[in-house]
Amino acid sequence: MVSPIYILILSLAIGFLLSVIDKTNRKFSLTAFYGVLTFNVLVIADWFYRFLFLGVPTLTINTAGFRAPVSINLQLGVQESFVLLFTNLIGLFAAIFLYKKFKESNISSLTLYLILIMGVNGLVMTRDLFNMYVFLEILSISTYSLTSFGKTGKSLSAGFKYMLAGVTASTFFLLGVVFIYYFSGNLNIDFIQASQFTNYGSIALFLLSIAIFIELKPFPANGWALDVYEAVDSGIVSVIAVVNSAAILFLFYKIMPILPERFLNVFGIAGVITFLFSNMLALKQKKAKRLLGYSSIGQVGLLVASLVFTANAPQHLIYLIVGGFFINHLISKAGLFWLSGIVKHENISDWNVLRGNRSLLILFGIFLFALAGIPPFAGFWAKWELVKLLVHSKMLFALSAILLGSLFEIIFLFRWFTLTVKSDIAATIPRWDASKIFSTSFLGVIAIFFAAMIMKVYYGFSLIHILPVLAVLVIDIIDFLPSKVKGLLSLLAVLAYGYYIYPFESNIQLFFGIIFIVGSAVNIISTLNRTGKSEGFYGFLLMMIFSFGNLIIATNYLEFFLTWEFMTISSFLLILRGKQAQKASLMYMIFSTAGAYLMMVGFAFAPQLMGNSPLVISLANVQLPLISIILLSIGFMIKSGSLGVHIWLPEAHAEAEADVSSFISAILLKAGVFGLLLVGISYVKFAPSFDIFYWVGWIGVLTAIVGAFLASFQEDAKRLLAYSSMSQVGYIVAAIAMVSHLGWVSALYLAFNHMMFKSALFIAVAGIYYRTHTRNMYEMGGLIKKMPLSYITVLISIIAVSGVPPLSGFGAKWLIYTAFISNGWYLQAGVLFFASAVSFLYLYRIIHSIFLGQLKYEHQDIKEAPVWFIIPQYIFLGGIMAISAFPNLIIKPLNKIAMHYFGSSIRIDGYSIFSELGHWDGHVVMLVTMGAFIVPLLILLLLVGKTQKVKQFNIVYAAERPESPQTTHVAHNMYAHYRKALGGWGKPRIWNFWHSASEWTHSLADYFRHIYTGNGQTYVLHIILYVVVIYIVMGV
Amino acid sequence: MDIIIRILYAVISILVATVWGLTLTGIVRKIYARVHGRFGPPVWQPFLDIIQTHSRRVAISHGYMFFLGPVFRFAGGLGTYLFIPVILGSTVFGNFSMGGDVLLVMYFIFFGQLGMALGAGEGGHPYSPMGIARGLSQMSAFEVPFSLAIISVAIQYHSLNITTIVQAQQGSILNWTLFTNPLAVIAAMISLLGMNGHAPFSIVMAPQEIPIGPPIEMNGSFLGILQTNRGLFAAAKLILFMNLFFGGAAHPNILVALLIMMIKTFFIYMFSVFVGASFPRFRPEQSFRFFLKWPTAIGILAILYIAYL
Amino acid sequence: MEKKDLNEIEKEMKLANEGLPEKERILFSDARPSRVEPLNKYLEQFVNWARARSLWLLAFGTGCGATELRPLMTSRFDVSRFGIAGRPTPRQASVFIIGGYASIKTIKRIVRSYEQMQGPKYVIALGSCTINGGMYYDSYNTINRIDYYIPVDTYIAGCMPRPEALIAGFNRLKEKIQKGECDGMNKYADNFDWYKKNQKQIIKDWNMPDYNW
Amino acid sequence: MKNILKRLNEKIDDLVVVKQRDDLYFIKVKREHTDFILRYLKLDENFKHLDFMQAVDYIENNQFQLTYMLYNYEIKINLGINVMIDREKAEMDSMHRIWPHLWQYQREIHEMYGINFPGSPRVDESFVLEGWEEMPPMRRDFDTLEYSKRTFYPRPGRSTNDPKEYMKEKLYHDFAKSPKIRRDDE
């Protein structure tokens, strides 16, 4: 039990002694230096442990033997020790990080460093305003000096700018202190009350608080800080960005109680503005350290805002939100700055050198995900709770600004991430430095530790909800195994998982369980074709599949949302594995995140759930408010690729690896459908006065038609299928939006059917891609002779898609049109008819361009797709055939599911199904079709006489014989005439919209960036003006 | 036993329809010739052509799908026909209409088209996919007014069941959909022009530009099957239109009912024949645009008129 | 022993397709045309009756005589009343009208198109040029006798023969078909090597398979 | 036109001009001047259009005559440029750089007369005669009748009449006496 005062004393003493010690040997001085830092950490850790677990009361240290307010006193409580523990830890590890530099540099830098640490400790503990000023000055002076540690021209000028800004701020601070003393006669914050300040007096508080706030680098008066971040050595800058900021932030926290509320609100809003704009400006940034600088400033702004906004919240929430953001910022920012020191490349696209070192890459991922607020890291939970809090206190503008800022953050962080993982390595690979890697990895461990603590201790999640993350860890451990073994293990794991969650409480869960788990299990078979190790693949795959499963058993909003985020991140990582997937995956991530934020707000608006049953059941008795329905619907529709927000979909499908696409299309899109159905379940009983689902229905219908047209104009087989999925999911969305018995039966029927045929199609295309190495359909052709099995798959599947009887697709069409017409959605039904007629265009295109027509020279010796692709295809085909011949197999259970919510509108009599409008007997249709097929076949066989089999070029021609298979195969731009007929309707308007939205945002960011001139005087002017503006806004 | 009788009935029904369909084609050729100022081939020429094509000694086959293509096409024609009740209340000509309603018939039309498109595609001749691409595109366009008309009729009679729809039109000639819901009938009749592929919508076969289009490689018996199907399929389509819009064929005496059927289908067919004989051909994109403009607007009006007025 | 013979026969039945480059040979069928016997007597008579009444012309104008086919189709002479109709693809046509002089370049196309027609198939040679070269008998690129290259069923002399003469020719062809005398397809298959020899003698750049199926 | 010819005369020596009609002139130039003259006429004298190119076999002089027929849209005059080249060493410079479509004519002439045009694109590909192996057929020393007899299996029994005599004898021996048929437009 060492008194924390020794931290100050020892740091100061050793700091000054260092130059003497150094005279003997650098080794001694280094030992002393690190000794002190370690000592600090140990002392604080000891205190923190005592406060937290032993319940030791807050420690107050009076100096000079007097009690406060006469003397200056220091205070060390839970909060102080928490902040100090981490600042000191970062300080220590930053020092370790800088070990090499410290070994060689001038001894004064070690001294300065110790003094800086001392300043931080003092600043956090002291309760006296003037003492604060002193520590602030100590901190600032040591920082100015350390800033020029690198001794480059840039860092010197940055240090000078810092000094200018710091001096300006401290002038205000000192003035504030003087005035406060004048009004309250006291300098100890524990003895100052806001009530002591009259109208005039509040100017004293204003000067004090604005000085601290300026030190927190609010937008736009923060140009000096950015230059510092960019110019200074990465070890030092991590201390400045993290340790200094933490101390000053705590300073702000300390004086918060004496500030009037209107001050706080303005500061909170200024914090939000800082967060929003810093992240926006970062969009255009290419230099890693400057980008991190923008991000730190933004994060500090968010911290200030959350400090202010959580003021009235329960204690544990404050700890979670502020503490979560704090830890998140501390760890990820320090980690990333250190990584920038390891990487030694300025430009973010050169960070791909990290791919040379797997553990560093993982660390990079951890820090980046943590910073982006991706679960399970602390930032996610803080954001979730903050959103809830803001929604409850109706601060919607602040909320939307924070979410928009977070979205910008996601964009630049993930652009960085995808560039790192995907771009071509051009830069030189640096030497990996052990001391630096040690420090950085330590932070990674802390991040994971906190994530685990929050999940397990704070929320008490059961193992099943952590399972997705565990899967990644486990597979990561056994990643040395060949991929076939891992694939089989994954298959077993999925089956076991399915068995574990099997006894569902409702049939609808069972239904989606079959789609998610059984569908995934069959799809996994196709991944068994992988050779080599496929490092990391199965981990994320399992994470995604377990997330699907967890979605259906989630019992509250948080579980659902957490799982949703797991699903998003894992699918993002899977898509990213594709060869050219950088842009595609980034787009996917941006849209998914935007959707997730909307959902987050939507859930926050939703009323609390009672009981412990799955959402599908409990939501039936909950009235969701209109805003919540709208936000949730949009969120889920983004995931299912509805019109307007669909542009991520084709890219992601096309660029993902061949065997991943089938998961995305067949199963991932159904998650969106499932979500929409959840909203629908509440909608059944509590439809809002404004019929929002009517419009959702229109969107679904338009998605169907636009998707079908877009699919018809694709050259790339996977893009074609992707747009086809979009179109089909459009049908499903529209059918769900009907909120009627038949509508839901048809939606579920279609969802099931789509899962089967789209899996089969994507796997078939994967097999073809495996053999031909191309996705362009016009480069194939005539493969029916070489790949008959794949051909049969595609044939059966496209018949099932198109809705031609007797296969299962017709059932979907029949149900859906009957539902639409009996529901009174006539025009929508007309549009759907159009969509289904247009779907023939792309279906014929894919089968003709790939399998029919002319076989190319290079494919003359091609073989059938590997057996691992064939097996799952035929399992799905079996499913399609079964429900085609015996539609009762599926219609009956679906009827029962839908009857939970509505009265049944169909009558099933034997194999016949009667609706109020018409009837359909799948069995008779099947038999008649068989008869109608066999009889002409027999006639033909009887009459045909001698049949001569000929080859591909034996086609009729007179003048010139076919030149080459390439020129004879009609496949490229097959529907040019239709495009011509569509005229202006054929333009990619939605793509253009998002493209220009992105362009505008970036241009705006670029425009705002110009306020940072790089001139110190301008920066000071900014500060002064900022103070004036804040002064006016506050109306002091 | 029941099944055998049913099959027997189906065979009779199919034979009647096929013969009638082929005769209609013969009549149409004759009329075309007369419009041109020629004598024209005899009415039974289609039958001779079918015998001739079937009597070719060698048939060229490009592969299994090519072989099955005409079979698919004919099966599509047969199926379409078999799910339409030809004569109200008749067991012989009731066909297998318990299999489904008008939606089934509409989608069964695609069965043959898709199968034929696949078979022709395997032929490997560039003109086949060109013709098919045109055909599918045109189909997607004329399907729009047609489906709107069907929806309108479904709203009107609150049924998709063909028998019910025919039943509702009995009694007086004024009960025909033609008079109760004229807008839907106009929309549907215009799309019939596209369905029949006569000028101005003969862009699929277009002998001058893409010689005969999809079936360019079809020969011998394959072609024979296609020709037979053309007769049956024409009959099926006309009977569908007759049932939906022109009161169907109903009479206690089955022969009279058949006669009614023949007269009605003849006049329905003549509509598209006369339009075809007097117009030149559209270009593909003109054709699609046409269908997506006026007939679609009429179809929407038909729905609005029936549903909301 | 016998097995080997069979293999040899099978090999002989294959065409060499030597005119084609090596890599293109897989794209063309190498089957040899073979004789197909008519059906039994009455059935053959019946189908011949139908064949004679449903003559499908190949719409391929090989020479100046093709101009005479236009008036045949239109209202003045209207051959459709005899069941004669044009067909745009050789696969479906049964009558090939050689429209006058045939140059070397054209005979190549004639042979191709003829071979692509499915039997039974008939050839009407129209105009003097097809009989003995007509006024071009001494040209360096007009062949004199079409029947050395493909079997001909009916000749129509004249330069040019009038449409009436053509109709007479069609009637002659019809009679012959009904009598079962038109068996050009089998004649071609039987004398395949002779025809091929003649064809190859004048068609020097033989860049097509030996039989265009 | 006179001015043009005058200007041309200034450019090269011994220009031979033949006036066929008011709008049709021929000039004879030497082979080595051809390129210059054609360029000059096209660029400076506005003979922008090349109608055709043709060859004539003057076997008596042991020469080929090549004719480039130009046209001027402004003064509406055709101008033929005749170039005589040696028959034994039948070769001419390719002019396809002046008018790109000349390559096609040169290809035809190459095939039919065996005149070589070094540098002309695709000049060796067969144009009309696919796979011709004999002497180029338009050379006058090529005996087409002999070739036809040798190659095309002439049908025996062919007889030839002098058309004028034959017609007189067969059809119109009293043509002069026959009543004149009036036509509508007379």
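Going by the order they are written in, the chains are A, B, C and D; count residues from 1 in each one.
Heads up, the rule we're going with is that contacts are C-beta pairs under 8 Å (C-beta built on N, C-alpha and C of every residue); 3 or more make two chains touch, one makes a residue touch a chain.
For clarity, every value in this text was computed on a predicted model and none was experimentally measured.
Central chain by Cα centroid: A, whose mean Cα position is closest to the mean of all protein Cα atoms.
Using mean Cα coordinates as chain centres, the one most removed from subunit B is D.
Centre-to-centre spacing of subunit A and subunit B amounts to 53 Å, using the average Cα coordinate of each chain. Separating the centre of subunit C from that of subunit D, both taken as means of CA atoms, is a distance of 37 Å.
Averaged C-alpha coordinates give centres for subunit A and subunit D that are 78 Å from one another.
Centroid to centroid, with C-alpha atoms defining each point, subunit A and subunit C lie 71 Å apart.
In subunit C, the residues that touch at least two other chains are 36, 89, 91, 213.
Residue positions of subunit B touching 2 or more other chains, listed in rising order: 56-60, 216-217, 220. In subunit D, there is no position where the chain touches two or more neighbouring chains simultaneously.
Across the assembly, chains come into contact as A-B, A-C, B-C, C-D. Only residues 29, 33, 36-42, 45, 48-49, 51-53, 55-60, 207, 211-212, 216-220, 223 of subunit B touch subunit C when the two sit together in their complex. For subunit C in complex with subunit A, the touching residues are 23-24, 26-29, 31, 36, 60, 89-91, 109, 112-113, 116, 207-209, 212-213. Per the touch definition, subunit D reaches subunit C in the complex via residues 126, 128-134, 137, 142, 144-145, 147-148, 151-155, 158.
For subunit C in complex with subunit D, the residues that touch the partner chain are 104-105, 108, 131-133, 137-145, 148, 198, 201-206. Only residues 782, 784-785, 791, 795, 799, 802-805, 810, 813-814, 817-818, 821, 824, 826-827, 829-830, 833-834, 837-838, 840-841, 843-844, 847-848, 852-854, 912, 916-921, 924-925, 928-929, 931-933, 935-937, 939-940, 943-950, 952-956, 968-971, 974-975, 977-978, 980-981, 983 of subunit A touch subunit B when the two sit together in their complex.
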